[in-house]
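There are structures below to look over.
Two complexes, one shared chain (subunit A), two partners (subunit B, subunit C).
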Partner chain A sequence: MRVAIKVNGQECSSEIEPRLLLVHFLRSTLGLTGTHWGCDTSNCGACTVWLDGVPVKSCTTLAAMADGHEVKTIEGLESSGVLDPVQQGFIEEHGLQCGFCTPGMMMAARALLDRNPDPDEATIREAISGNLCRCTGYENIVRAIRWAAAHQTAQEGAIA
Partner chain B sequence: MLRKEDARFVRGQGHYVDDVNLPGMLHSAILRSPYAHARIVSIDTSAAEAHPKVKAVITGKMLEDLKLAWMPTLSGDVVAVLATDKVRFQGQEVAYVVAEDEYSARDALELIEVDYEPLPAVVDAKHALDPDAPIIRDDLEGRADNKIYDWEAGDAAACDEVFSNAEVVVSEDMIYPRVHPAPMETCGSVASLDKVTGKLTMWTTTQAPHAHRTIYALVAGLPEQKIQVISPDIGGGFGNKVGIYPGYVLSIVGSIVTGAPVKWMEDRSENLMSTSFARDYHMHGEIAATKEGKILGLRVHVLADHGAFNGVAQPTKFPAGFFHIFTGSYDYPAAHCKVTAVYTNKALGGVAYACSFRITEAVYLVERMVTCLAYELQMDPAELRMKNLLRPEQFPYMSPTGWEYDSGDYPRALKEAMRIAGYEDLRAEQAARRARATEPGADPSTPLMGIGLSFFTEGVGAGPRKHMDILGLGMADGCELRVHPTGKAQLRLSVQTQGQGHETTFAQIVSHVIGLPPEDIEVVHGDTDNTPFGLGTYGSRSTPVSGAAAAVAAQRIKDKARVIAAAALECSVEDLEWEHGRWYVKGDPSQGKTIAEIAMAAHSSLELPEGVEGHLDASVVYNPPNLTYPFGAYICVVDVDPQTGAVKVRRFIAVDDCGPRINPMIVEGQVHGGLADGLGMALMEVIAFDPDGNNLGGSFMDYLLPTSMECPSWELGETVTPSPHHPIGVKGVGESATVGSPPAVVNAVLDALQIRHADMPFTPAMTWRALQGRPMRPDLAIE
Partner chain C sequence: MQVPAVFDYERASTVEDALALLVRHGPEARLIAGGHSLLPMMKLRLARPDVVIDINELKELDYIRVEGDELAIGAMTRHATVLESPLLAQHYHIFAEAERVIADPLVRNRGTVGGSLCQADPSEDLSAVFAALRGRVMIRSATQTRTVDARGFHVGPYQTEVRDAEILTEVRVPLRPGSGSCYQKVERRAGDWSIAAAGAFVQLEGDLVVDVGIGITAVGAEQFTCSEAEEILRGSDGSESVVETAARRCGELCNPSADQRGPVDYKRHLVAVLVGRALTKSIARAKGDMS
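Our next item is the complex of A and B:
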């Protein structure tokens, strides 16, 4: 079947098998490898992307379900060469180690800040509870998201 | 300093093995056994071979012809690459398919027909030695039982003497259940054999690229110089990516057979069912003491469940790894341990999961035994520990089992943890709560408060070559440091990062010695063609071993730079003084040369002093003189819901001493992560099996990892006791928190329940049962 999906603002049209998972469509068909495949059960969240602005687990979403819709991945988080405050926050507060869960974690974090620009710690912890991290113990991820909340405007001259 | 590596990770530009895509690359999948123990009667692959997108189907019988059906494990046992005679655990590799795409490869697995004759499975290690137990390893010649080894350490006679005269003896049985490292990235590889040049390039998820290369050479009979192992970004390792898995070897076979690059990536179920597990120690401990609480001796018998193949990554001379540093952090004269290892119908076990070779189990044992003793003596566990901790003046300290602890100030660390916790106030609060709970009309849903302590000492940084090797490969690590003409440097390391931040930390080590800014020092690792030989990253050995190599290399550069600077400044080396990054003439700071200027001179036509050939580089192999011994004191405060058994960690205080901290931010991050892993083991993680050997934890829906909701906000502290034999005094910290935290959490839960012992993990159901006096064996979820 043919699908037409707007990914990070760009129209992508492709002939796919109906059973193709969105995570594989993004990674293999489009070469957007920032979205990671960590489990097959929606538990780890490494594959979190946005479907029409809502975070979803792309390992349990069919690419066909995104037909005619808009997808945003980690590659689309940075705008005009400037890191999103969430990305900057993860650097500033050491919110990552191996980096494997990081893209999905940041997509969840950005979605939270879009609907709640000043979340408290409990809200942040709940918002990322569908994203597993085996390296950080979550402490610095929480701090990173708080940093981002406090620096909501994109940083000029970002360090990375 | 912020991490250099983050710039790519936050953009989704990390480059993991599954991101490697080569022109013409094929995909592959492994058919795995549904049985824990079964004879293979026949395998019919014809339907799979007829699939239009399938390029090759491989079975164990075909590998036998290539002499590739079996390969060595890291413990000198053998493991089937693909099962030939029978399967010995659920999830074992049975057949392999290479196809044009991953979906077709998995489709083809469904077309393979395997006729199995099921055999009774041995799941319980305690029954593995029964006279009528089925023999699991009948492939090994002369094998009449399931015992792998009996091994002991310490002085049994001295221990018996102490125990027979002791005023108090406490004994306890405990299980450290089977758990899984579960890195977020599963294992995988891309193998590409160039038939013209004969060169094999292997991208793979490994913590030890050089050791892997040597083993591929030995297994596949390929010339080692024609193998390049590249481990790009690795999505966490935790010991899971030390061993060589059949999938890696199969991707090489696939590339040889098809002539194309072949990718193999396991899915999460495969990762949880078939790659190395950790722990699985059934321990019997006995502790002897005086009535006043002075510990006199400890003896232990362990039954170690290694699964169907002994694949433990540990130094050859120590079958049970460093378990024999089980005497812990305390001063007593007598200790003895015996470890009996057995085969069972489970996947390979005993991987060094965030653990320096079984020290996690050792620390759990001693910290539980000491707490049991405190319970028996009705003594505060902090007071009992303080009474027995090694004193600073006893270092270097020779343990009862012959290990020389390098340095430490243990009482200071425990006092610091108690200070941060407000220990006296916590105990007062607990006493008040307990008093209120006994009053008439008390609310039965009031949480039970528990306070748990642990103190740990680890031996890390394996290790001295004369004592430690894996499969005959000594554990020294190399490094090469080059300062280029323009004063930019490159450091090439044998160890591999899996998220620890090596690119930052190692640049800082070099910067600290030679004064170049860390931004100007590029760290290269994870590529055997471009780095010197070494055994890789596990057992917290990177900073203690490779960090020392880097510091020594940098010092050699500094010394060489001094000779070149003296020639350039036309003075003698004795006339030069060092300030950060620069040699200058004593008494005249205006006359000097920076490292960058010296580097240019070293590569120039300037005439250099005799013996200096030019260039500014150094190559070092560091053979550590001893292990390093980081330590720490942890305190956990929990609230247990008496009606549901739910455990809430209210506070967790961790004081670590890993010597000087190169990058405090990275050290804290490592501790945070390790605490979460330890919390997971104490409260939720267990790979359980039913009596037929069915793995009951094959996905993240069943094998639970801690989320942001279960983890508290960690409270960290530190003391600093440098290692006297490490060039910059550092001890390593990668695993400390995972070693130290499980006993703290368990001690806290049991303190809340006011019982002496029950086995982790304390899931709500298990805690509730323990409250009712009905403990359940955690390794067997179904009674």
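Our next item is the complex of A and C:
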């Protein structure tokens, strides 16, 4: 079957098998390898992308289900060469070690901050509870997201 | 890399469309909503449908509203919507409390009420919620709509009353003024299935318990409930000792299996503790304590 999916603002059309999972469509068909493929059982969240603006696990979504819809991946998070505050926060607060969970963490974090620009620690931990990290124990990840919240507020304040 | 076996994909745009596709493709067709139960089963070859019918475009089944003296929840309502619904929160604490511990936020963004019920996992949370609330499930075919009690909906593990060429379209729950409700769950880690979980509602008139519902999951309780324990409470003053007796009865009458989540005696004890807490909290809420 043929699918047409808007990925990071670009229309992508391809002939696929109905059983192709969205994570493999992104990685293998489009070469967007920023989305990681981890546990394959909807637990780890490394494959988190946005489907119509909502973070979902792309290892448990058929590419066919995204036909006619919009997907955003980690590659689409920065704009015009400027990192998203979430990405910058992970740099500033050493929010990663091996980096495998990082793209999924960032997509979940960005979705949280879009809904709640100033979340407390418990809210952050809840928002990333579907994203598992085996390196840092989450302390630095939570700090990175708090950094992003503080700095985007500062940015918005400066613009206002 | 785990991928499902080969299947044909169809997309439905309306309920009629979905029903027509089910009729056309026969019993080896499966509906897919959120897909968070079906796709993992397809990867493991525990499910191997010939045709997958995508019903995610059925926005007509995505609603939560009051109809008469009932709450009506459309089958395509996502877990995240149930969790955040002010209308449900206004009437029943049990919904948000159960949803908060179902899987994780990302899975809740996709998973649906109807999908959870139709998956009929013996450890599923919403089955216990609707059993506690004595909800009714609406099932449609091309020719008729029928209603099944939530407590008669599960035919067995992973088996429901929904037959070939039928769709679960809606769940209804009676509104009960003067009631309080609660959900209590113990899991090993965030997003996991329950070791055991219990939900309850209690409706009071003065200090008299006029109606009560108990739902239990993951411990082999028949139809996710324990009617004998409900009978102990109904008509009582809902005192601490009556609650304790009813809760202990739930622990005795359920039928848990020993597994990696714990031995049988531990699960029975846990059920008694969780039912006791859910009932106590429900009674407090029925009396106006909204914490």
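Rule of thumb we're sticking to: the second predicted complex is superposed on the first by the 152 of 160 C-alpha atoms of A that agree within 3 Å, B and C clash if a C-alpha of one lies under 4 Å from a C-alpha of the other, contacts with A are read in each partner's own complex, and residues count from 1 in each chain.
By our rule, a residue touches a chain if its C-beta (ideal position, glycine included) is under 8 Å from a C-beta of that chain, and two chains touch if they have at least 3 such contacts.
Everything quoted here is computed from the prediction, not taken from an experiment.
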item	value
Touched partner set for A:S129, first subunit B, second subunit C, both or neither	both
Subunit B versus subunit C as contact partner of A:T61, first or second or both or neither	second
A:G34 touches, of subunit B and subunit C: first, second, both or neither?	first
Contacts of A:E121 with subunit B and subunit C, given as first, second, both or neither	first
Greater subunit A contact set [subunit C / subunit B]	B
Touched partner set for A:T48, first subunit B, second subunit C, both or neither	second
First (subunit B), second (subunit C), both or neither touched by A:I74	first
Partner chain(s) touched by A:G9 [first = subunit B, second = subunit C, both, neither]	neither
Touched partner set for A:A108, first subunit B, second subunit C, both or neither	second
Touched partner set for A:L83, first subunit B, second subunit C, both or neither	first
Subunit C-contacting residues of subunit A that also contact subunit B	17, 19-20, 24, 37, 40-41, 43, 126, 129-131
Residues of subunit C defined as touching subunit A within the complex	1-9, 11, 32, 35-36, 39-40, 43, 52, 54, 56, 103-107, 109-110, 190-191
Subunit B partner contacts - residues on subunit A that touch it in the complex	17, 19-20, 24, 27-28, 31-41, 43-44, 46, 73-75, 77-78, 83, 87-88, 90-92, 94, 96-103, 106, 121, 124-126, 128-142, 159-160
Subunit A to subunit C touching residues, read off their complex	1, 17-21, 24, 37, 40-43, 45, 48, 54-57, 60-62, 64-65, 67, 108, 126-127, 129-131
Interface residues, subunit B side, partner subunit A - complex	2-3, 5-16, 18-19, 21, 102-103, 182-186, 233-236, 238, 265, 267-269, 498-501, 665-666, 668-677, 699-701, 705, 707-709, 711, 713-714
